[in-house]
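Both complexes shown next keep chain A, but they swap its partner, so chain B is in the first and chain C is in the second.
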Partner chain A sequence: MGLITDIRDSISSLFSAQDPKRIGIYGPPNAGKTTLANRIARDWTGDAIGPESHIPHETRRARRKENVEIERNGKSVTIDVVDTPGVTTKVDYTEFLEHDMEKDDAVRRSREATEGVAEAMHWLREDVDGVLYVLDSTEDPFTQVNTMLVGIIESQDLPVLILANKTDLEGSNVRRIENAFPQHETLPLSALEGDNMDEVYDKIAEYFG
Partner chain B sequence: MPEVKKADDDGVQIDLISGERMESMTSMEKIRMILDGVHEGNIVILEEGLSPDEESRLIEVTMTEISPDEFNGIEIETYPQSGSTDSGLLNRLMGNDETKKLTVIGPANQIKTLHKDETLISALVSRK
Partner chain C sequence: MPHQCTSCGQVFDDGSKEMLSGCPDCGGNKFQFHASTEDVPEGPEPSAEPPDQPAPDSSVARTVGDAAATVRDLVGGSGRSQSADALDDDPSGQDTAPAGSVPSESAPAPDSPEDAAQADARSEVVSPDEIPAGTDTPPTDETPMTEDSATDPTSGSAPTDSPADASDPDTGEPSEDRPDLSELREELNDQFESIKVLSPGQYELNLMELYDREEYIIALQEDGRYTIQVPENWHD
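And now, the complex of A and B:
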């Protein structure tokens, strides 16, 4: 009896000692990915992950926050949160000039942005175990980047939660996102205001625990 | 690719690539063919599109080739997958390949999507 208990304990400790799952936060530029990453990191570790900005491509390097322990219903789930640069198929430095940036800075930002997108794609193919796909719910979700990225995530058989962000803004339309990706669960939230985060954490524990 | 006559300066060249032609190519050969065409200012139309993995690599390679004032990247359009075409592992094992979808790719500064839904892609193509 003691032997069986020992074996059972060994097996359960083997599984509990698993590396935390790496959950990538993906989506187009300016969807609020870093705001969400910071919200999750601050809620459970007290630290932020990276700077937020309304200028596209503020995040130009994937950033990982390790061992984020989320407690739900008496259990805890430990994940690594990976905040990734917004994915796009084009980067035009002249768009940064509209944000009062000098040409040299705009060119540098666009170069770093392209490297960041390539890095994000590499992470998606090789290094993440699940995805939080963040969309701005005031924008049309029927874009090529969304179609391709969700297709890529599905082809890797990665668990994915679609997050309809920015519900605090006028013009937010969660139903449009649900209709665009009916094969996946969509959760509304405002990462900025912290609205509906309890449900988001419940689902993170359910999907990635 | 065999030698083809180049489009006149006042036109836009469109290359329609059959699924049969793509079948024997490796992923990198497909990506190179697409980006070489796009760099020349051509619109490339693929009868059967790319696999998700190839799309991911196309984005990655495109990013490495973006150069200020020369090449801003690509515009790419395919029909979105509808909910009924959930391409799960079982579907793929059964040979139900959902990746075969018409795909249009062009230089980002020459092609602009006007409308897109599950059954229609409407785009405006301009000269360089």
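And now, the complex of A and C:
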């Protein structure tokens, strides 16, 4: 039995060495997904993944950073980080007009954002092995989008970590997110300030290693 | 402790009236219901509804997903042959990695020939009576899941057509106020499309449908048409 266990362990470590888990960063628009993706990528590879913005739907195509090697407790975990466009059920160009955008640009951004949601949902269907679900902890987590996405993730049996982001902001309420998804582990963090990232990396290694 | 404020954690007894105008402590207006050992009657306060939503939401989503799958199966025959032709014309071999695909690759797709059923679906709106229920054996030439046209007058007015009762959140009590089957069909019909183009730059998205589709929408046209990438295994 010991031999079989050894062989199985070595095979699984072989596979994990060759095939990094592809971890999708999901969540509603403006939750801080790209800020988190950049934080992870910069911490472990020195590069960024994409531009961050306070205007919703800055990320309109999924972006991937491959072979991000995270070292925890003497072991290393290699993952591919996929930063996805924010998922929503409505996209309206008038929302962008408030950000000093011309109508043509706003309409184009709206169309690209819609395509981005379609892409994010498609990735969720077949291209991710685990999910970091990022929420703005100053916002109400009880939304149809969050319920539906977490439900889909659960139906896929994907490992998921709920990240309560923006704890540096006044009005951050981590407990509300814990209450919304009691079946999953919720970690508070500020991706912008780098607060609590050590625990986030510990959990990433534990969940996706 | 039946009701708990999701913001501050304050607990209210079942039937408590002080939470009717929001949590007296923090002003929060969302409460979650903790089932106790005794059978608690449905609370009268509307503010307690949101935490109960996940179950109805997911069941509705499942229903929509099932129905969408049914429709996809139905239209699979005509859709697949056309898609297979499109793939034959394009030897580049699109795989399932969306990152590698760019809209320009598939840009000509909307102009490709389409069969009668697709043309019909593109130009006409299917009446609710023609839409099959989940388990019915419906006609096979309807494609209600195809895209909506931005110029279609019914797309903008569809939400207002539905009676107020249909959109009422009392779908959370399916056992009591079970919606009429035709209403349910209408509601599902409204949700069938992956992306509803209300006007250029204004879209409504059906996440379950987007998730459920095998083909992948990679580009939207101004006129409301899609460019899609079809899966490799549609060859078979």
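Everything that follows uses one rule, which is that the second predicted complex is superposed on the first by the 191 of 209 C-alpha atoms of A that agree within 3 Å, B and C clash if a C-alpha of one lies under 4 Å from a C-alpha of the other, contacts with A are read in each partner's own complex, and residues count from 1 in each chain.
We take it that contacts are C-beta pairs under 8 Å (C-beta built on N, C-alpha and C of every residue); 3 or more make two chains touch, one makes a residue touch a chain.
Since the structure is predicted, the reported quantities are computational estimates derived from the model, not experimental observations.
After superposition onto chain A, partners chain B and chain C are found to clash with each other.
In the superposition on chain A, A:207 makes contact with neither chain B nor chain C. In the superposition on chain A, A:183 makes contact with chain B only, not with chain C. Contact with both chain B and chain C is seen for A:147 once the two complexes are overlaid on the shared chain. Contacts of A:127 after superposition on the shared chain: chain C is touched, whereas chain B is not.
Of the two partner chains placed by the overlay, only chain B lies in contact with A:157; chain C stays clear of it. Of 4-12, 58-66, 76-84 or 94-102, the segment of chain C whose C-alpha atoms clash with chain B in the superposed model is 58-66.
On chain A, the surface patch touched by chain B in one complex and by chain C in the other comprises residues 87-93, 107, 110-111, 114-115, 117-118, 121-122, 124-125, 142, 144, 147-148, 151-152, 180.
Only residues 4, 6-9, 30, 32, 50-51, 53-54, 57-58, 61, 96-99, 103, 194-195, 200-208, 210-211, 213, 216-220 of chain C touch chain A when the two sit together in their complex. Across the complex, chain A meets chain B through its residues 87-93, 107, 110-111, 114-115, 117-118, 121-122, 124-125, 142-144, 146-148, 150-152, 154-157, 180-183.
Those residues of chain B lying in contact with chain A across their complex are 51-53, 55-57, 59-60, 62-64, 66, 68, 72-78, 80-83, 86-89, 99, 108-109, 113, 116-117. The part of chain A that touches chain C in the complex is made up of residues 62, 64, 87-94, 103, 106-107, 110-111, 114-115, 117-119, 121-127, 140, 142, 144-145, 147-149, 151-152, 173, 175-176, 179-180.
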